[in-house]
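In the two complexes below, chain A is the common chain; its partner is chain B in one and chain C in the other.
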Partner chain A sequence: MAFDTFMFILMSGILLGGLYALMATGLAVVWTTLGVFNFAHGTFVMLGAYIAWQVTQSVAGGFGFMIAVVLSILVMFCLGFVLHFALIKPFERNQNVVLLAVISTLAAASIIENSVLLGWGPRDKQIAPPIGSKIDFFGASINTFDFVILGVALLTLFALAVFLRRTTMGRTLRAAAQNREAAELMGLNVPKLFAITLGISAATAALAGIFVGSLRFISPTFGADPLMKSLIVVILGGVARFTSPIYAAFVVGIAESFSAYFLGLYWSPALLFAMMIAVLLIKPEGLFGHRSKTL
Partner chain B sequence: MKYAPPFQRTNGFLPVLLVFAVLLLLPVVVTETYARHTLILVFVYAVLASNWDLSLGYGGIVNFAHLGFFAIGLYGYAIFAKVIGVDPWLALLVTPVFAVAFAVLLAIPILRLEGIYVILVTIAATQLLLQIVVSQSTYTGGTSGMVLLPRLTIGDYKLSSDNRLGYYYLALALLTASTFFLYKIERSATGRAMKALRDNKYYAISRGVSEARTRLWTLGLSAIFPAFAGGFYGAYLRVASPDVFGLGFLTITLSVLLLGGIATIWGPLIAAIVVVGLSQLLADYGAWRNIVIALVIIGVVVVYPGGLFAALQEIWSGFDRAKTNLIAAYRRKTGAAARARAMGTSDQLLETRHGKVSVCDTHSGAQAIIFIHGNSSCKEVFRHQFDALRDQYRLVAFDLPGHGVSPNADPEKDYNVAAYAQIVRDLVDRLKLGNPIIFGWSLGGYVALEYAAAGNPISGLVMCGTSPIRTYPDDMPKGYIPSPHMELAGKRFHSPYEKGQYATHTIGMQKHSEPVLWQAVWRTDGQAREQAFAKLKTTDWQRQMSVIQGGKIPFAMINGPKDPFINHTYCARPEFGTDYAQTPILINGAGHAPFVEDPDAFTKAFLKLIEAF
Partner chain C sequence: MTEPLLELRGLSGGYPPVSVFRDVDLSVNADEYVGFFGPNGHGKTTLLKTIAGLIDPWDGGIYFAGKRLNAEGTMRARVSHNFNYDLFRKRRINTRDVVDAGLIYVMQGNLLFPEMTVEEILDIAPRAARSRPGVAEMREQIHELFPRLRERWSSKIRYLSGGERQMVSIAAGLLAMPRLLMLDEPTLGLSPKLRIELSNAVRKIRETGVPLIIVDQNVEFLTSLVDRLILFDHGTITREIRAGDMPDHDQLMDMMFGGAH
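For the complex of A and B:
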């Protein structure tokens, strides 16, 4: 294999890793804080992309890419905030909360997917990437925008980490995640904090969706793939630390792009699922973590 | 102690027979192809969801593997019947083998995992299956699936002829077989082991239930019928497509399961009709259909997490309460003369703080005796004592709320030992009974103790068919002999057979010799049974024990040696003995209700006791 091909595969794997990190972190934050898996996460990714696409269209005023990103993130944050009260809060005291949240978020995913289908139709759409140029990277010709995506994704995750560790708001979120009862006794409004968590998760999902939407085509059903990939990443990495799923995202991204090259497009997801099962068997707490869930 | 009467003796028998008969005859009325198609889909989803429930609801293994089992059935049928070319019936029959093999493989990671990780590993495994199906397009048709699968025929008769009549009955047969299978499993030793592991894993393991083996059985057994359903689905629609791996199919099936209510065999059947019916009804509305279904799902899990089966039981319970209340109202009027003859005095309704109760009072005599009857009985059990003692004492007996001819009351507030004791207090005040002697039978024994423990006026307490409890629930297995009929004492819905069993075993009488008591079991509000039993844990048992051991209130026990419930050795412990009776006085030859079974001997012993008080 030529070096430039290798570099190309590696770079596309790293790019995928960055996107997966953005998606999976949102899922992991909800899992560690609310204690449920959000099966509507994939549709958050998809809906975020659609909102951004709509904003850039001339019907909606033909705003620029940046405005589309900001609007989409804001809308998705609000949606996530509201959905917490509809999907998870009603049974947070129920002993079957994990199962009930699975069904309620699956139902929400169905609603979002079909609403998008009603609103925007089944045809594929693409968000026009703001930067079209390519640069030469160790012999491989790579889109400049790919580097921007990677940089923004990592920067966003870094900002989220700083927010969670350094700001009062972030600390209260972590407090609610670590010990709900104690947080409530200290006077924190835990339902609101949980809703904010779901909002943040939806906002990061939207950002990931916009990036995916400017690289590939978007359709109402494309949420399933990000959901599955995020699940794989979260399982593979574990949720012991904020960074665990991020490392795992790059492992998954690189493994995917190399296996797609060597094994073919159909076998690469099979390999990832096999990896996930193997990790669950050997190290259920994830490759990068201890057996506990904290932020 | 297990309580497992044969199916024909349970409450479900008649409704199930009725539904089955309706489904059997339905094709006569429903001849239209599309309606039959909907019903066939209902049966398929019901089979899939109810078998999923075996592992998810009964086994407590929350997993998503059953779509995989279904898909294996579907593709197994497709590959065997079309690619390999074996007989379609044979192809249908072999598919479960592969599903069970897959289930056994899946059991390995599942044994090591808990909670959400089981969900995730089963999702991953089904997705892995999907990827294999998609990648092997020469055998499976890849993403576009397989069409024109061989159809099922009997001789030359196509099952799809006569507007799919054959497929309808095959699907119904599948549902019947699956339901029978689940019913048998649930009540087998394996089924009880599954539920025990779900409810209290470590206790079950310590009692010798093997976790690994039971989980393996749970998954393996629950894989059989989903595979059949998948194979049938393929033979019926003649299409095998990877859509069965998708989130849409998962959402529908899971909603059938959850809407029906988990850990119920019948729930998914009801929900399948609702969900599939709704989905077929809205078939023309495209995306709106899925949105409406999803909204219904969210609505049900938010408002009624127990599901439709629980809702149905609530409705039934309401109906049952209205019925028992009507019976009581009817008997209050029509049976008054007969009751007055039996008791020697007519009864009247008296207001207490826990609703109205029907009271019999002989009015004359200086010392009052109050008789309190037991669970699912009535005041007329004491008629022999009314007959024998009326000249010496003032006798009072009453029907507890929800029993006899007293009306039903609020299940939450009024059906418990403390409330019953407060009713006694209200009667003492209203009828000016002074310091009464109280006789309590069975549950009434605890009511009498509670009345005394609460510091109410009393000059003596006699208990019959009741074991004193020091700590709850530890003393329950010591004080009582475990028997299937104990289960009936706290059961809300009794089938006619169970009512008969309960009447026979508490009173030891046959229907014709004690018609009033026999009727009393029929009349009793099921909620009263359930609540009084469930709320035993809220009783202050220490306080009751101090009544027995404090020595301030004269206390004695009279029991029948043949009583099938109480542990006589336990009751004869010195700590429960008093100056009046070191050990319980035994009425030879009698069982749980000596005052009915041998009234003369009982009354003599009782009289001797209370004269000493």
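For the complex of A and C:
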């Protein structure tokens, strides 16, 4: 294999990793805070992309890419905030909350997906990337926008980490995640904090969706793949630390792009699932974790 | 006679369908130290958790500084299990109302937030104080009360010893600027040395002027500290003892178990 091909595969793997990290962190934050798996996460990615696409269309005023990103993130944050009260809060005092939340988030995923199908139709759409140029990177010709995506994804994750560690608001979020009763005894509004968490998760999903939508085509069903990949990443990496799913995302992204080259596109999901099963058998708490879930 | 700070009128509660305490009447004045003593498993913690708003009371009233904290009337029993009652039935007491009123509960054997540092917890703790003044002075006092915490300032709670965790819990409770602080077995499971250190700290809380309800199994510690000792047995208050005639350990055992211990 030529060096430029290797670099190209590696870079596309790293780019995929950045996108997966963004998606999986959103899922992991909800899992560690609310204690439920959000199966609507994939449709958040999809809906975020559709909202951004709509804003850039001439019907809606033909706004620029940046405005589309900001609007999409804001709308998805609000949607996530509201959906907590519709999907998870009604069951939070039930001892089967995890199972009930699986059903309610799956239901929401189905409703969102079919609403998008009704509203925007089944035809593929693409968000026009704002930067079209290519740059030469160690012999491989790579889109400039790919570097922008990777940079923004990592910056977003860094900003989220700083928010959770350094700001009082982020610290109250982590407090509510780690011990709900003690957080209530501190007078924190736990349902509101949980809703904000789901909002943040939906906002990062929207950002990831916009990036995916400007690399590939978007359709009402394209949320299934991000959800699957996020699940694989979260299981592979574990949720012991904020950074564990991020490392795992790059492992998955690079493994996927190399297996797509060597094994073919159809075999790369099989390889990822095989990796996931192996990790579950050998180190069930994830590659980068011990037996705990924290934020 | 001034109005009591905390007043319980005929309070009953428990974990449905199990009733844990019945018809508890109690009033605590604004300058009082009240101790609770009773065997394990007889409802002291459940009573405190109910007052703190973590568990819905079944019947009766909780009044704090003249304001009623829980909903009027009796809690309806659950008649069907095929129904998500939580969707329609509102909580009968709201933890945030209790905290806002200044009634702060420090849980028993509290792990608090295992992955947060002492500094982070004491940073967010004053949020419970809302607009009550004096947080800055309280921070100073906490450094004097628990000098040990300053050494562990940036350690995660997970790595602290039981006594240090208890200190962080109490410090966080004090930073909420309580008008009444409820401590649930602060010396539980501590080594004798730490127990003495913590007891001294609790004694010193008195100088900060915060009234206290304290549950503990250590008779000598309780009797030397409180103005009034309340014996709690089988889910009700069986006896109140004033500071003047505090019993020693053997007398107390006689009172509770009729000499058959």
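Going forward, the second predicted complex is superposed on the first by the 295 of 295 C-alpha atoms of A that agree within 3 Å, B and C clash if a C-alpha of one lies under 4 Å from a C-alpha of the other, contacts with A are read in each partner's own complex, and residues count from 1 in each chain.
What we mean here is this: contacts are C-beta pairs under 8 Å (C-beta built on N, C-alpha and C of every residue); 3 or more make two chains touch, one makes a residue touch a chain.
Quick caveat, the model's predicted, so the values are computed rather than measured.
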Of the two partners chain B and chain C, which one touches more residues belonging to chain A?
B
Tell me the contact category for A:232 with respect to chain B and chain C: first, second, both or neither.
first
Which partner does A:267 contact after superposing on A: first (chain B), second (chain C), both, neither?
first
Is A:109 in contact with chain B, with chain C, with both, or with neither (first, second, both, neither)?
first
Given the touch rule stated above, what does A:171 touch, chain B (first), chain C (second), both, or neither?
second
Now for A:99: first (chain B), second (chain C), both, or neither, which partner does it touch?
first
Per the contact definition in the header, classify A:281: touching chain B only (first), chain C only (second), both, or neither.
first
Which partner chains sit in contact with A:189 here, chain B, chain C, both or neither? Use first/second/both/neither.
second
First, second, both or neither for A:132, with chain B first and chain C second
neither
Across the two complexes, find the residues of chain A that touch chain B and also touch chain C.
90-91, 94
Residues of chain C touching chain A in the complex:
52-54, 84, 86-87, 95-96, 99-100, 104-107, 110-116, 120-121, 123-125, 127-128, 130, 172, 176
Interface residues, chain A side, partner chain C - complex
90-94, 168, 171-172, 174-175, 178-179, 181-189, 292, 294-295
Using the touch definition from the top, list the residues of chain A that touch chain B in their complex.
31, 37, 39, 86-87, 90-91, 94, 96, 98-100, 102-104, 106-111, 113-115, 117-118, 224, 228, 231-232, 235, 264, 266-267, 269-270, 273-274, 276-277, 280-281, 284
Which residues of chain B touch chain A in their complex?
56, 62, 108-109, 112-113, 115-117, 119-121, 123-125, 127-128, 131-132, 134-135, 246-248, 250-251, 254-255, 258, 262, 286-288, 290-291, 293-295, 297-298, 301-302, 305
